[in-house]
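Chain lettering (A, B, C and D) follows the sequence in which the chains are written, and residue indices restart at 1 in each chain.
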Amino acid sequence: MTVHTAQAQTKAHFGYRFNLVGIASSAVILAWALAAILAPKIIPHPVGEIIDLEYFGPISDTLWLGSDYLGRDMLSRILMGARYTIGISLAAVSISCFTGVVLGMTAAVSGGWLDAGLSRFLDALSSIPSKLFGLLVVAAVGSSVPVLIVTLAVIYIPGAYRFSRALAININTMDFMTVARIRGEGTLYLIGSEILPNIIRPILTDLGLRFVFIVLLLSGLSFLGLGLQPPQADWGALVRENIGGLPFGAPAVIVPSLAIASLTISVNLLIDNLPKKIRDRSV
Amino acid sequence: MNIRVLDLILSRLFVAMITLLIVSFAVFFATNLLPGDTASILLGQAATPEAAEGLRRAMHLDEPAVLRFIHWLLDFLRGDFGTSYANSMPVVALIGDRFVNTMKLAGITALLAVPISLTLGITSAVLRGSLYDRVVTVLLIGIISVPEFMVATCAVLFFAVYLKWLPALSFANDAHSFADMLKIYSMPVITLTFGVSAQIIRMTRAAVIETLDTTYVEMALLKGASRGRMVLKHALPNALGPIANAVALSLSYLIGGVIIVETIFNYPGIAKLMVDAVSTRDLPLIQTCAMIFCLGYLLLTTAADIVAILSNPRIR
Amino acid sequence: MSNLVEIRDLEVEATTDSGRRVEIIKSITLDVAEGEIVALIGESGSGKTTIALTLMGYCRPGCRISRGQVLVNGKDMASLSEKERARMRGADIAYIPQSAAAAFNPSAKIIDQVIEVTRIHGLMPAEKARRRAVELFKALSLPNPETIGQHYPHQVSGGQLQRLSAAMALISDPKLVIFDEPTTALDVTTQIEVLRAFKSVMRATGIAGVYVSHDLAVVSQIADRIVVLKGGEVQETGSTAEILSTAKHPYTRELLAAFEPRPREVVEEQPDEMKPLLEFKDISAGYGSIQPDGLPLVRAVEGVSLILEKGRNLGIIGESGSGKSTLARTIAGVLPAAAGQMTFDGRELSRSARDRSHDQLREIQIVFQHADTALNPAKLVEDILGRPMAFYHRMGGRERSARIDELLDMVKLPRSVRSRRPSELSGGQKQRVNFARALAADPKLILCDEITSALDTVVAAAVIDLLKELQRELGISYIFISHDLSVVKAICDEIIVMYGGKKVEQLLPSEIKAAKHPYSQLLFSSVPKLDPDWLDSLEQAPSSARIASFDRRQAFAN
Amino acid sequence: RATDAVAATPVAGGHLKVAGFTSSTADTLDPAKASNSTDYSRCCALYNRLSVLDKSGQTQMELAERIDSADAKIWTVKLRKGVVFHDGKPLTSADVIFSLKRHLDPNIGSKVNAIAKQITDLKAVDDLTLEITLTAANADLPTILALHHFMIVADGTTDFSKGNGTGAFVLESFKPGVRSIMRKNRNYWKAGGPHVDTFEFFAINEDNARVNALLSGDIHVAAAINPRSVRLVESRPGFVLSRSSSNSYTNLNMRLDMAPGQNKDFVTGMKHLVNRDQILKSALRGFGDIGNDQPVFPGNIYRNNDLRPKPFDPDKAKFYFKKADVFGHSIPVVASEAASSSIDMAMLLQANAAAIGLKLDIQRVPSDGYWNNYWLKAPVHFGNINYRPTPDILFSLLYASQAPWNESQYKSEKFDGMLVEARGMLDQAKRKEIYGQLQAMIAEEAGTIIPAYIAAVDAVTAKLKGMEINPLGGMMGYSMAEHVWFGA
């Protein structure tokens, strides 16, 4: 099941050990990333152009992935959609998990008022209905991609916070934490170097899931008027706008769903199968 | 230690009150910040300045916002949830049935989703790296990566339109027998279960795997404990904190976040009510819904926190 | 006599990340007859624990049995199915782990974990098991045997936990018990009782045993045969008497030689150096909620005062559970004292580490008793050791790397452990990493809580030498908590004896013979001798004497 | 594809389930506040109007026996005898006066307050006769009174949750945002009464869910289905489509008092840039009629059919844009789900613009609050206008200088003058001529582009008979419950 990369075999002490699933999922992610980067150069048609007078057209020589509900080229729309789905989701998930996890660990380590205050504040934040929140954001700061990213991130911070705090609280009771504390270590070190390595796997799992949620929520927020503007559309929005094609099994709705699934499954499998660093611990 | 928990619950209740107050305040002002007021939104295309002005006066919307908030709050404390701006019905009457419906749906989903997800999460942790584990992961992510509205639509197409086994709509009030219940709830519940279980399964798996690597689980092995015992008696109790939080977060979604399921199955719950209320800036309704969501959320997270504390004697 | 255990050509190897194989055990052949007790002794890291675990058909993660057979009761543990192994584990073969602290589930009550074996194998009803556990607790001279089981693992002392884990193994009346250093954390008085308990249990039921230890004196009391290991290979085998009297192998001789206590060469005391480094008055500390009188519910340390001069060492000895570790934690500021004053290096010392200055924190280092839990399992040894250097001395890159190597050499660890995680180290190796970390800070005072308990005499002697050398060069002071009197005598300028949370006596090493307090007298007379008959020759169980002579304080509030 | 079973004899009985397309807590049974098809549908079942429009758009009497005037300024309404409310109270002129007066009270929040304001006086002549005095002559009054909002309620009603009207159905239960159930009015004054026994109405906001509910047999009528679902419905046996006349439109508004609409050339350029054919085909899937930038709906007797739409001509557009100097700027165009199909139209327009190098920046904004925050306000934005029966209403609402919804801020004294002049005319031919000129003026001068008129398509089980087209809207002008029956 495990594969040693050529590099690892020659330089036995260094490098990373990959496993097959890890490689496969990285490949899928890389392929999509590449598609996202190259999209503007390789799309056969502009995303807004109508080239098919029919709608929900099938796969054909000219339309490799069929046409959408307006008769636009799906291939182009999906390739361009990759840019937004990957870019925005990645940015949002990084921000939300980073902030949530840092705050969660800080709360666990500090305890007391900081913990209570942060916890209640974030409880309150996540109690505010998301539609109200979204509308408020549009009304207050208008709509742009950065605003979209921050909004998505803010929506998911409380979850990341709760989970990491729960994990960190258990670690915080261990003796090695006491050792580090009486060394005089600051909170930053405690959370970054002592706690994080012990909870990183569940945290990454959480991140993987949050990524899925964000990919899906993205389209919901676009419909609230936040962020992406037509004719651009992320994959979730592609599914949504073409959902009418479902009874006909139109590629316009199937393909973006598959795209989402392939990306999110790969991200999660990669997280489960991250390459391991090879340490030299021979006697 | 029970005193500690009691203490915690009491202090949490107190803090919850304050949180509720803050949330109601935040929601009130958020609503006020939104452009467009109730009167002009209700009038829609017909909103001439005079007409809107008249309606505003009729609904006492011309009072200063703070005053209205205080009025609302005082009434609320007295148990009077106010009257809906949009249709002048008492908020309680509007929410009553729908709240029950939401709780029914949430309850049934939780009863189904939580045990299944915990089982799947734990078993895939135990068999980590195995084919089973991989299949669960792939299926799970595969399922949740399909947008909820698509899952629901597929289900309707398949079970209602083609097979005609189940109704496409789920009017909660129409359930008179157990068979009705089954018919009405199966699709919404399954759709929701898909969404809700993912987080529980994945987080349970991750948290349990973390504790499976510890020396005390190794020791249990050396005592001859079965895999099941190792996991259930030794690994799981030490992972309860994070798991409880994952469960709480997932379930809190069921209280206010099931708008898509409510829309597609035309299930009358409070998520849709809230969205409507926001659209019409129907403050009393928004406030009351927000209080319900907030209370639900706080209850769930407090329960999770208590579980976490009880499960770790060092922080008791 | 048929053999209960037959190990044939056993090899265990670890596969490193790079795919390289490392042989940990190299072709070992070993027998244990029914009812026989065989001791495995040898250097720290020589593979004792590894062999002991193979008897359970188990290898630590990353390792595997690569060759050979481990026959227990005629069944090959190496090739048995997992289900059958599970059936034997706990019921037929029981294991007392080296690190009791890591073996207990932190979230379950002790009693439930102790009787779990009987539940797993359906050996007896729970009520009976509970009664049996209490009997064992009594036999192992645990305080409050009726109620100690209701506590959680973190609420009892190191030695208590170790005895509890022994009870956990013995409760099922197995055919074979594997003792992995079961008395390392015990003071000598308790050790005697525990050894006695082991002996009587095993004799009564004809249990065979594999006794892993580095302490020849202890081993000689209990073992029928001794196997000496080094580097994963058997060096020498023989009956206890043979090994003690006519050891052939140089390593064995070295072990025996190291046992002879080397008294501390008295340093010329320059009077101007006699400044107090650490001083404290009437320190009380403990656990649980604060009572109306301002003191905690469980008072583990009560009204202790002491003075430690610069460049001198203080030994703390005392019964297991007498509050030694608690005292050390109080000095380190981990557990803020409930009452009393402390000064360090002429300045007042805050009770809580939180309020102490950066320098004070650096200057007082504590080495925790449980190396397992004090080392972050997710970090590499080099990161663990490198951090204090970076933190206190802003040492970076190559300099730090060189210093890490230097420290590893000092504590006699191979440099290859640098990139290992704590779980990939043996018990003694962890303990040394734990200690090396304290050294890395360049402190003025090190609080050593049982830093040699898991080390064989040779390595322990080397570590003691290291301590002395550092003291000579850098003027470090030590507070040395240990139950090993020879070690304490070898290094300490002064010794205090603790009992029931109080300081009962303070002596010079030379005055040991003249101890006045009855517990001290008992303690000093309990040091095991390299004589197989020593234990049996003690006429009276010391505990009865002890209990008769003191008013035993209740450590546990019920 | 209207149903062909009109001739068949009605059968009584059955439980009719109809799903509209929008519903919220703002649902109301107060006709004055009714704001969408859902409210109209319920009100049509519960109440009656003085007059109604028939399928050809002609005004017919309902509760009124006659509505006459000599000068189009003072109107006499003679009520039908023997009409009773659900609670048993007979209909009198007081009820009518009360019902009409409500629209004048700003506190009520009537949707037709602006139209009703031309009524200056209401006077009961006797129990069944009343007199309506207008500010100025308006020959359209009988048609205006056919609007859904002018339903007649009982005098003094303040609580509308009972739905006490004179209509074909009696309310059984009503939950705003959920559903309402009504039962046949046994004492209905119209001979024959409604055919079905009970009528259940609710809305399924989600387009696909509505169609699926129909296909699975949960409902009998799915109102206003997405044109893209037509293929699905047609592919399943047992369902028919009922297409309404084109009675609403989504238009692009360029405010003439703001950049870039300030520049006449920009507006003209845009009118040439719109590909009306493409919009009709791609965005509306053919369900509608090509628009010619003026608001009078096809089929209306006053419509100026000689007015040809501006042809799609990118070159001409480019020429005008060059003149207007708009190249190099990005022009924001506000669209929203609130204005149906506006986003699709915007995208089509954007693609055409891109082809000639003009950058249109589509801003999709939340449908929530759209009518308050963006409509009429943004320099370039979309609007959506529903059916109004008379050109006069449309013009005075949308294009007169002081019109409350003057979407492009079109100001023309000449236009205002002609509008007032035509309003009082009882001579239909003359009026038609003036209205024709006004339509031409709008198409040429106003900043509104009306690319197409949109037809609603209702999907119906084939069992349901008696469905007809009505210009007032889908579902037979929302009054289908009273007219349909279940065939054998």
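Annotations
Keep this in mind: contacts are C-beta pairs under 8 Å (C-beta built on N, C-alpha and C of every residue); 3 or more make two chains touch, one makes a residue touch a chain.
Not measured: the values here are computed from a predicted model.
Contact tally for A-D versus B-D: the pair with more C-beta pairs in contact is B-D.
Our note on geometry: chain A versus chain D, Cα centroid distance of 45 Å, whole angstroms. Averaging C-alpha coordinates per chain places the centre of chain B 39 Å away from that of chain D. Taking the mean of the C-alpha atoms as each chain's centre, chain B and chain C sit 51 Å apart. Distance between chain centres (mean CA atoms), chain A to chain B: 22 Å.
Counting partner chains per residue, chain A has residues 131, 135, 173, 198, 243, 246-247 touching two or more of them.
Among all residues of chain C, those that touch two or more other chains are 106.
In chain B, the residues that reach two or more other chains under the touch definition are 34-35, 149, 153, 157, 161, 238, 278, 312, 314. Of all possible chain pairs, those that touch are A-B, A-C, A-D, B-C, B-D.
Of all the residues in chain D, the ones that touch chain B in their complex are 24-28, 33, 35, 105-114, 161, 175-179, 202, 204-206, 208-209, 212-213, 215-219, 368-369, 371-373, 375, 404-405. By the touch criterion stated above, chain B contacts chain A in their complex at residues 15, 18-19, 22-23, 26-27, 30-31, 33-35, 134, 137-138, 141-142, 144-150, 153-154, 157, 161, 198-199, 202-203, 205-207, 209-210, 238, 241-242, 244-246, 248-249, 252, 256-257, 259, 274-275, 278, 286, 289-290, 293-294, 297-298, 301, 304, 308, 312, 314-315.
Against chain A, in their complex, chain D makes its touches with residues 207-208, 226, 228-229, 231-232, 278, 281-283, 285, 335-337, 343-344, 346-348, 350-351, 354, 361-366, 368-369.
Residues 46, 48-50, 53, 55-56, 69-71, 131, 134-135, 138, 143, 222-225, 229-231, 243-248 of chain A are the ones that touch chain D when the two sit in their complex. Residues of chain A touching chain C in their complex: 4, 8-9, 12-13, 17, 173-176, 178-185, 189, 193-194, 197-198, 200, 276-283.
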